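One chain, chain A, links the two complexes that follow: it is found with chain B in the first and with chain C in the second.
What follows is the complex of A and B.
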């Protein structure tokens, strides 16, 4: 048997052993994975999907389009001289390897490795810089499993945007995974914009390994799906590496979104920043768990985490838990979470300048969320997200005028 | 323009204003002085429409209307402006945007067309000069990271752009060094006009050296205890507030 098949079989065995997470599992206390148990079957036949007009149309970028988890050659447009291939084209067993004791690894992730049908294998050579963003659009109307791998060579740079959209009314699950390796001095800006439909569920794992002086910027935007869970695991393995993790959830109805993030400071002189903000309306429920582990040798660690939450409805719920574990003294860490309504003093200030109460509330809500997006380097992506996010707010229709600087 | 009659205000059950009377006409400049905690900010906040104050009796009439029945934004549209003692920082809300939204909301209320972006910017730049506000502040978030003095300057800049009929300046001079005080006071003087009334709350005579008031009031014991001309401020400086209480 080929090595790759063995690796996939091992992943399947791992899934069979650990199964789906249960509520007894501390990391799944608030998210009911059993709701997804009926959505694990992958059908052999691919339903047709019309993806015309979907996604960020005015973004000047290289594109890869996945339809129901399968690379659509016709709609894709790749940079020259960069190794970007369908996962099916390269038989690299390493891309399917999982380790059961990796942080936050769960049954969905094991299943992903065992059953992934396709994905993008992106490999940037040393010193190569992508001159335009790479936009990966996923459109689906059935269960899908996607597995991306990104490797940036020394001092390589890229801006990669993953966008998830679903069409149709059927219940379905997207199980997506992205494994990233950043070599010395590499810089990756990586966005995941989850905008799937009401009946959809989404489970994701992003695993990042950073080598010396590399930097990683993440933007996790959660707008869609009824249930969405992401595990984001970053390992700062060599000196001078830095990560900047940004999350924005704008939820309504009965949406449930859960991000568990884990940053391992393994090497000295590494920096981590984390800023998560949620805006919760109706009966939506958000879970944020941000764990930072400062290992024994990781002196001069500099870590800041902040999580802010605004509840627009008294039925909305947030469970937030910043966690810090430090195994040496020579570190600088600041972590905190806030939950609240909008600030009365700010509201009064705006109203005293002639802004109506409703507009003042919208403006403050917008400003609160937009601070997270300020770190996005591409303004087309940022405007798209702003517009889509604010269309979800109670008075979002009037917000267009507020978007400009 | 503004007529306050027998105003009683409590905060958290504590009586702060106890039958205050005050009349202010267009074109006048008033100074209100008084010990810390006397209720000066309470008075200005009540006029601007801030929540959290219990108005147990009395009336406030502004241009013939019942001011207390109006929302804060309606008061702003009608020309009431408060320069805050402690201007709040609003990260993510652009200073210029705030003013544009404020000006246009007021114009809309008056049945005027919105200003176009170009006209608005030229107004803003001209007014920024009035208080020598560095143009870089225009594109920053409201008060975010401003020093104490810059916040106060920004308040007067906003006043210049919003062109109120009744401006309440709550300790605008506190935290200003002598140069900044001169500049801000100069800006306020340029904003004096026959159809505008200005009420300055201050602890210090030095502001009144720059902006000469028509009336000086002492707010103490929950009322306007004494009213005089600018010489009252000099006497206060010399003898303190207890002197007022004793002379009565």
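What follows is the complex of A and C.
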């Protein structure tokens, strides 16, 4: 039997063992997993998707396009000298290996490993630097299971953007996962922009292993889907590694978005930063759970986490839980969470300058959100997200003129 | 930087200075728990039929429950059949009215604790203002002082078993209304077998003329102590209640599952302060008290206020979340806590602030010091309900780590369902900064003094709000825990 088949069978066995999460699980306390479980049935028939004109068109980047979870070679444009393959092409991949005791691992992740149809395996050689961002566009109108793997060699650098879009009105589930290994001195900027349709659900896992002096920057943007859950697991396993996790949720309607992040400080002298902001309108519900675990021996750990939330409607709900677990004394850890409204004084300042109340509120809300996006290095991606996030705010249209291009 | 290690060494060497056994004969029911035992307890307490029924229904519910395992503590499961559920000092038969009649051994015990009744009596003689003590020695209230002065003010301050007999209408109305018998495993157990505790009722518009105080002390070997405290502050009333605990040295783990219920009606204010210094076990983690307590306050009335202040230095395992349900509009909840864990102690403690009423506010200040191989967790919940317009919360929980074997964890739950609510949560964890130490030392302080000063400064926010009478004891406890070992 080929390695891949064994590994997939193991993943299936793991799924059978752990099963799907329920509300009784502490990690799923605020998110109803049964809403996702009903969507698990996969149809084999591939529906046609018209992906013309979707995604970030004016982005100067290498592109990989997945249609319903399957690589579309015709639309893709790959950089030279970088090993990027469809998962189907590399049959003996260990990318599918999972372990049941990994932090935050749940049944959906195990299913993902057992049943993923395709994904991108990206491998950057030592010292290679991608000259343009790598843009991975996912377009779907049915259930899809995608599994990506990224490995950056020593001192390699890349900017990778994952973008999820769905078309059509059907209820469907995207189950995506990305496994990342950063070798010594590697740097990865990784954006994940989830913009699926109203009926769509999304469940994802991003797992990062960082070696010596590597750095990882994550931008998670949640705009779409009716229910979206992401588990982000970062392991700082060698000295000097650092990670920077940013998240922005702009939600309306009955949207429910849940991010669980977990940072393991295993080695000494590692740094982690986390900044999550949410803006909630209508009956939307956001969940943020950030856990920093400082293991024995991880001395000189420096960790900071901050989570800010603005509720715009009386039916919106936020549940946040910034956790610290520390087994060591030589550390500097801090976290903070706030829930509140816009600052009255700031509102007054803007109004005294002749800006209407509604516009002033919009402007401040936008500024609140934009702080997260400021860390994005690619301006095209940033302004795309700003524009799409705007459109979700109640008076987004007026604002565009106010801010200018 | 030898200082941290020194403190650590000293902490490990720190011995439990309240560890002694007073030799008083006790009336004890044979170990075991069944309906007969509950009937027996109820009979000894001369309780009315409705109380027995209440206990039995709690017991039947308890049988269907499982012991919770979610707390970040690790201990051997308790065998509930091996515990004796009732123990009363025999010498209480004469029901002493004044200090002179109290068993001299008891006074001796309190004297060893450093805050004897006599001292308080003395204080009374000198200053004229005072602390009334309802001393709980094992499970029966032995002495109640200053009763007359309180009666004049209309305040009821008595053992709860007496209140069940004498004030059934109040007890029936409020008992279990804040912590229902079905609330949790330990609460159900307590409801079934509680033997004594204090009952306080402050009538409308009365400001309690003195601080009320109870000393809990687990004494007879193998008797779990199941205290039940119920405090009701009627409209516009004010009371400050102090609870202090120490226990003699033991090798077997002892279970303590108390319930404290506070009810504050319109414009009432209750201050509840605790100094807890039960036997924490020896340096290998053998022995020590299991402290599984349910404390909850219900701010039922508008503009009511409840504040919890606690200094926790003892117990092998602590599982304790003093909470406030802010039901009334403009009601306010406060939680100030200093928790010190050393050696093998484990503590999972924090608070819950449930905002339901409009314009409610709450403040949480939690300071944890973890040393040796101790594990300490802050677990808190702040919930802003849909109707909690303009609710406000400020939370700060800081942890200080001494030694590379200890752990400090934070699990703050925040749930907000109202857009006008404002909430801030901050937490930090660190060891004593080398720059801070250096600064103090270059001003001529010894390393030990510097560490001391920094630790004291760290706890100051909480000590500042302790009642005067307690500040002395808290300081003494900290001295024993840290200062004594450093200097």
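Assume the second predicted complex is superposed on the first by the 400 of 405 C-alpha atoms of A that agree within 3 Å, B and C clash if a C-alpha of one lies under 4 Å from a C-alpha of the other, contacts with A are read in each partner's own complex, and residues count from 1 in each chain.
One rule holds for everything that comes next: a contact is a pair of C-beta atoms (placed from the backbone, for glycine too) under 8 Å apart; a residue touches a chain by one contact, two chains touch by 3 or more.
Computed from a predicted structure; not experimentally measured.
Of the two partner chains placed by the overlay, only chain B lies in contact with A:368; chain C stays clear of it. In the superposition on chain A, A:336 contacts chain C only, with no contact to chain B.
Look at A:352: by the touch rule set out above, it reaches chain B but stays clear of chain C.
Greater residue coverage of chain A by touch, when chain B is weighed against chain C, goes to C.
Judged by the touch definition given at the top, the superposed model places A:320 against chain C, while chain B stays out of reach. By the document's definition of touching, of the two partners only chain C reaches A:309; chain B does not. Contacts of A:295 after superposition: neither chain B nor chain C is touched. In the three-chain superposition model, chain A touches chain B and chain C at no common residue. Here chain A touches chain C in the complex through residues 26, 296, 299, 309, 311-314, 316-341, going by the rule given at the top.
Contacts from chain C toward chain A in the complex involve residues 4, 70, 384, 386, 399, 401-404, 406-431.
Every residue of chain B that touches chain A in the complex is listed here, in rising order: 48-51, 71-73, 75-77, 81-82, 84, 87-88, 90-94, 97-99, 101-103, 105-106, 139, 141-142, 158, 162. Put simply, chain A touches chain B in their complex at residues 343-346, 348-357, 359, 363-364, 366-368, 370-371, 402, 404-405.
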